[in-house]
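Below, subunit A partners subunit B and then partners subunit C, in two separate complexes.
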Partner chain A sequence: MYDIKLQGITKKFDAFTAVNDINFTIPKSSVTVLLGPSGCGKTTLMRMIAGLESPTEGRIFFDEHDVTDVPTRRRNIGMVFQYPVIYRGTSVRKNLELPLLSEKLSKAEMDKRVDEVAEILDLQDVLKRQVEELDNGTRQKIAVGREVARQPRIILFDEPITNIDLTSKLELKRSMKELFGRLKQTIVYVTHDQTEAMTLADQIALMQDGVITQCDSPKEIYEKPNSQFAGWFLGNPGMNFVPPQFINVSGSKITSPLFSQTIDFGTKASSADTFGVRAEGINVSTTETKGGVQARVTRKSIGAGGQYLLDLAVGSLLIKARVSHSIGRTAKDAVWTSIESENITFFDKSGKAL
Partner chain B sequence: MAETIFKPKRKSGPIKFATLGAWGISILFFLPVAWIISTAFKPKASIVVSPPVFIFKPTLNNITEALSFDNTLSYFTHSIIYSFGSVIIAILVAYLAAYSFSRYKPAGTDFLMFLLLSTRFVPAAAFVVPYFQLFNLLKLKDSYIGLIAFYAMFSIPFSVWILKGFLDGISQRFDETGLVYGASRWHIMFKVILPQVKPGLVASFVFNILFVWNEFLFNFQLGGAKTFGIPVGLFTGSTKGGAIDWAYVASIGTLYVLPLVVVIYAFQKYLLVGLTFGTVRGEV
Partner chain C sequence: MAKSVETLEKSIKDAPKAKKPESKKNWFSWGLLAPVLFFFILMSVLPTIWMFGLAFYDYTLTSANKPKLIGFKNFTDFLANQQLAGSVSRTFIFLLCAVIIQTLLGILIGVLFWKNDKMPGRRLALTLFFTPMVVTPIATSLFWKFILDPTLGVINYFVSVLGFERFDTLTDQTLAFPTLVFVDTWMWTPFMTLMTLAALGSVPKAELEAAQVDRLPITRLIRTVIWPHAKFILGLGILLRTIDAFKTMDLAYVMTGGGPGDRTELIAVSLYRFAFKSFKLGYSSAVSVFLMFIAIALTSIYLYILNAKKKSEA
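Our next item is the complex of A and B:
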């Protein structure tokens, strides 16, 4: 399998720079999710890997092979699009077989491959059906299966789940997870949906304004965002950010009305401008605790998992805290909060994590 | 006012008035065709009589007589060659053009599309003399190549318009998936995309064949004895004897509409889609 090296990749559409000087290596045989808001350049980047767009500047390598000027059809990749591409008027099996026909495989080998993907994607029961009869989720499975059956070295997914209705979406996501576990290929997956990214990725490459701002495992990127953007974009709700007027720095010591402890942040303390804390990083108690900071509950709502999300006001500062069902249910007007030091991330003026 | 809102709709009879009206109007439009066809089978004596005869013993005499004239069969052959030849070439060229417009979107596509259609803005009569001179100069007068090229040129713009509409309705993801699979552009154009725009091909075929099959003026001016088609044959043949030979007109007319009726009837279901210019489809 190949890794994908991007060297100084830039793509401009007239005056608009979609992708801005990206230097990055997508590791082989793993799932890399390009995650970011709409218009951040993630799809453009993927289309350049596929050869469907050519970079304005920079080179693309599959391992040591420079493929920048190699046409799409010679790149030996697979690609699944947002809208399922299926061939009407044919059966599901035929759809899966079509691209294999040009590879001159033996009938046995072809059947083996088709049956294999059908099994992984749970398509055995519909193999004989006509594709028109199937819902969008199943159609997308067919499109995915077709790529897998071809066994290219790299498979690209361009928001494959976005246009699928909600119930099929969950099922498709599960199938993908299982599929990715079995595949040895290098997989690049574009999405703007963080739960998809969290579920499927080995590593998430977070993109903003045409640049990859951070690439880490889902856990790392969630727990240790390297920028305010990463903290805000991942998590639901995103990270709470506490503005400078709630931070006091003296020497290496940092204090804040939001927590009672003093944090020794060493030499970096002087550049601390804001800090962030995740909603679940805030401990909430309904009874007064030692060192607890009193807060007022302004709103509470219950989440899908039974946890509560509390909107809290500490003086004039508004933050969100996620708490267990029992605390959320009993929380009245006043609660006491505390924050563990390891749940606090400091950021400098430019929004970079310290 | 609630009562009026919820008042059930007045029940209509077994056949609605509107339906009857629609049938009436449709039949009215069909009458000239019906007259031609029925006349073709009438005995000569009852063709031009007043009041008209509606009940008669059908005969094939008129048709066999018309067919026995020297040039009749050759008119048909000529018509078939230049009509089908030009329209098939036109559709092929138009498909290539429409594919480029739809997929590569060259700068100024909208304006180019507009320009394409502009050949149809000017009345044909304005072009007759220049084309006559041009064809004489290029020695294309009374040749299939000349006529086919001319009619193809006339058929291409409209076909490009129809086909582009259809192609725009076929997601580019089909093209890109093809590329990913290692297909060439030609393969994608003709094996992946072409089958999906069949209704568009049929629609442009039918519209153009209707035009070329019926075209008289240019065939008369640019053609000659070797290439005159049925419309010219009908015109010259009908007045041969000094008076209008209605039996001849009706017989040739009947044979003349027959291929069109068959073609249109066979492709009717595609044609309905074709009239919407493919816009109903949307992404995949």
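Our next item is the complex of A and C:
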């Protein structure tokens, strides 16, 4: 299998820079999700890897092979598109076989591969049907199966479940999760949906304004965002940010009216500007606690799973806290909050994590 | 169960009443349509009905006799007329040659334009290429007549400069008909190119890209990706061109006048002669009715194919 090296990749559409000088390696035999808001350049980046778009500057390597000028046909990649592509006028089986024809496989090998993917994707029952008769969800499954059966070294997924109805969406996500566990290919998956990214990724490459801002495992990127953007974009709700006026820095010590303890942050303390804390990183108690900071509940809503989301006002500052069902249910107007220091991330003036 | 069917029927009966406010809207839309309908009926429907009637009369504009009802005599007359049969078969040969050549050339040029969508000057080239289509056929016929003229024509000038003998294609027994096909092709190939570009444009981009990723061979690409999407628009283009070629009149009339002999006498030219040279209105109406049925037949065949395809897809 190949890894994908991007060397100074820039793509401009007239005056607009979609992808801006990306230097990055997508590791082989794992699932990398390109995640970001719309217009961040993730799809453009993927299309350049596929060769459907050529970079304005920079080189692309599959292992040590420079493929920048190699046409799509000769890159030996698979790609699943946002719009479910089927080859009309043929059966489902034929659809799965079509890309295999240029591989010069024996009939037995071809049948084996087709039956294998049909089993994983639950397509056995429709193998003999005409593709035009099937709904979008099944069509997309066929498209996924077609790319997998060919066994290319790299498979690209461009928001494959965006255009599918809700029930097929969940089903497709589940079968892809299973599929990704079995595949040894290098997989790149583009999405703007963080749950999809969290479920499927080995690592998430977070993109903003044509740049990859952070690449880590889903757990790492959630717990240790390297920028305010990462903290805000991941999580629902995103991270709470506490502005500078709530922070006192003296030497290496940081104090704040929001937490009772004094944090020793060493030499980096002087550049601390804001701090972030996730909604579930805030401890809430309905009775007064020692060192607890009093807050007022402005809104209460129950989420899936029974947890409560509380909108709290600490003086003039508004923050969101996620609490257990029992606390959420009993929380009245006044509550007491505390924040453990390990749940706090400090950011400098430019929004970078310290 | 029976009750629910009853209530259903009742609700269906009541439905138009419930929609009463809609009728005001209907008046408004009919009002907007009225001017067009008025002229359509006046200029198109009534003359057609008139023509149907005339076809059963012996009616010559220049004779002093009153129109006389003669039944199907006009029809039997022209079906027995060898010359007219010649014009009809000549028209079909013309139509086949012209449409086939124009379709093939149009597709070829269309694909070239489509493949080179980043070529500099593409827009200008397309605009220039489409001009023959927007020039009036009479003008086209006239200037081609001049270009091909044996004494004044630019082609013959170069022929004589190169030391060959001047020739007159439009009065030549064997060359006249192919020349007509050539000029028609010059004029209408851009139309088929336009239809090809529209047809290719109707193929979803993702499907074309997927075919590249999946390394489909070109024949497969055409069969399973391009053709299923492109066939309707391309088919429509061929149909329009067929009907139009069937009616070709100005080209032949201006350039050759049907000659030499009857070598380029297309059915529309004959028709023009009967109606406006001999003023045999009853006879020419009968020919028109016959031609109209051929045109309707061609359209029906196409619509039938189209509907059959749609049914199989549903």
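Rule of thumb we're sticking to: the second predicted complex is superposed on the first by the 354 of 354 C-alpha atoms of A that agree within 3 Å, B and C clash if a C-alpha of one lies under 4 Å from a C-alpha of the other, contacts with A are read in each partner's own complex, and residues count from 1 in each chain.
Just so it is clear, a contact is a pair of C-beta atoms (placed from the backbone, for glycine too) under 8 Å apart; a residue touches a chain by one contact, two chains touch by 3 or more.
Model, not experiment: these values are computed from the prediction.
Chemist: Should subunit B and subunit C be called a clash or a fit once both complexes are overlaid on subunit A?
Modeler: clash
Chemist: Once the structures are superposed on A, label A:Arg73 by its partner contacts, choosing first (subunit B), second (subunit C), both or neither.
Modeler: After superposition on chain A, A:Arg73 lies in contact with both partners, subunit B and subunit C.
Chemist: Considering only the touch criterion stated at the top, classify A:Gln307 as touching first (subunit B), second (subunit C), both, or neither.
Modeler: Neither partner.
Chemist: When the two structures are overlaid on chain A, which partner does A:Thr262 contact: first (subunit B), second (subunit C), both, or neither?
Modeler: After superposition on chain A, A:Thr262 lies in contact with neither partner.
Chemist: So, does A:Phe81 touch the first partner subunit B, the second partner subunit C, both, or neither?
Modeler: It touches subunit B and subunit C both.
Chemist: Which residues would you name on subunit A as touching subunit B in one complex and subunit C in the other?
Modeler: Subunit A residues touching both partners: 50, 52, 71-73, 77-79, 81-83, 85, 88, 99, 102, 143, 150.
Chemist: In their complex, what parts of subunit B are in touch with subunit A?
Modeler: 171, 173-174, 176-177, 179-184, 196, 283-284
Chemist: Would you tell me which residues of subunit A are touching subunit C in their complex?
Modeler: Checking each residue of subunit A against subunit C gives 50, 52, 71-73, 77-79, 81-83, 85, 87-90, 98-99, 101-102, 132, 143, 146-147, 150.
Chemist: Can you list the residues on subunit C that touch subunit A in the complex?
Modeler: Against subunit A, the touching part of subunit C is residues 204, 206-207, 209-210, 212-217, 220, 223-225, 228, 313.
Chemist: What residues on subunit A touch subunit B, complex-wise?
Modeler: 50-52, 71-79, 81-86, 88, 99, 102, 143, 150
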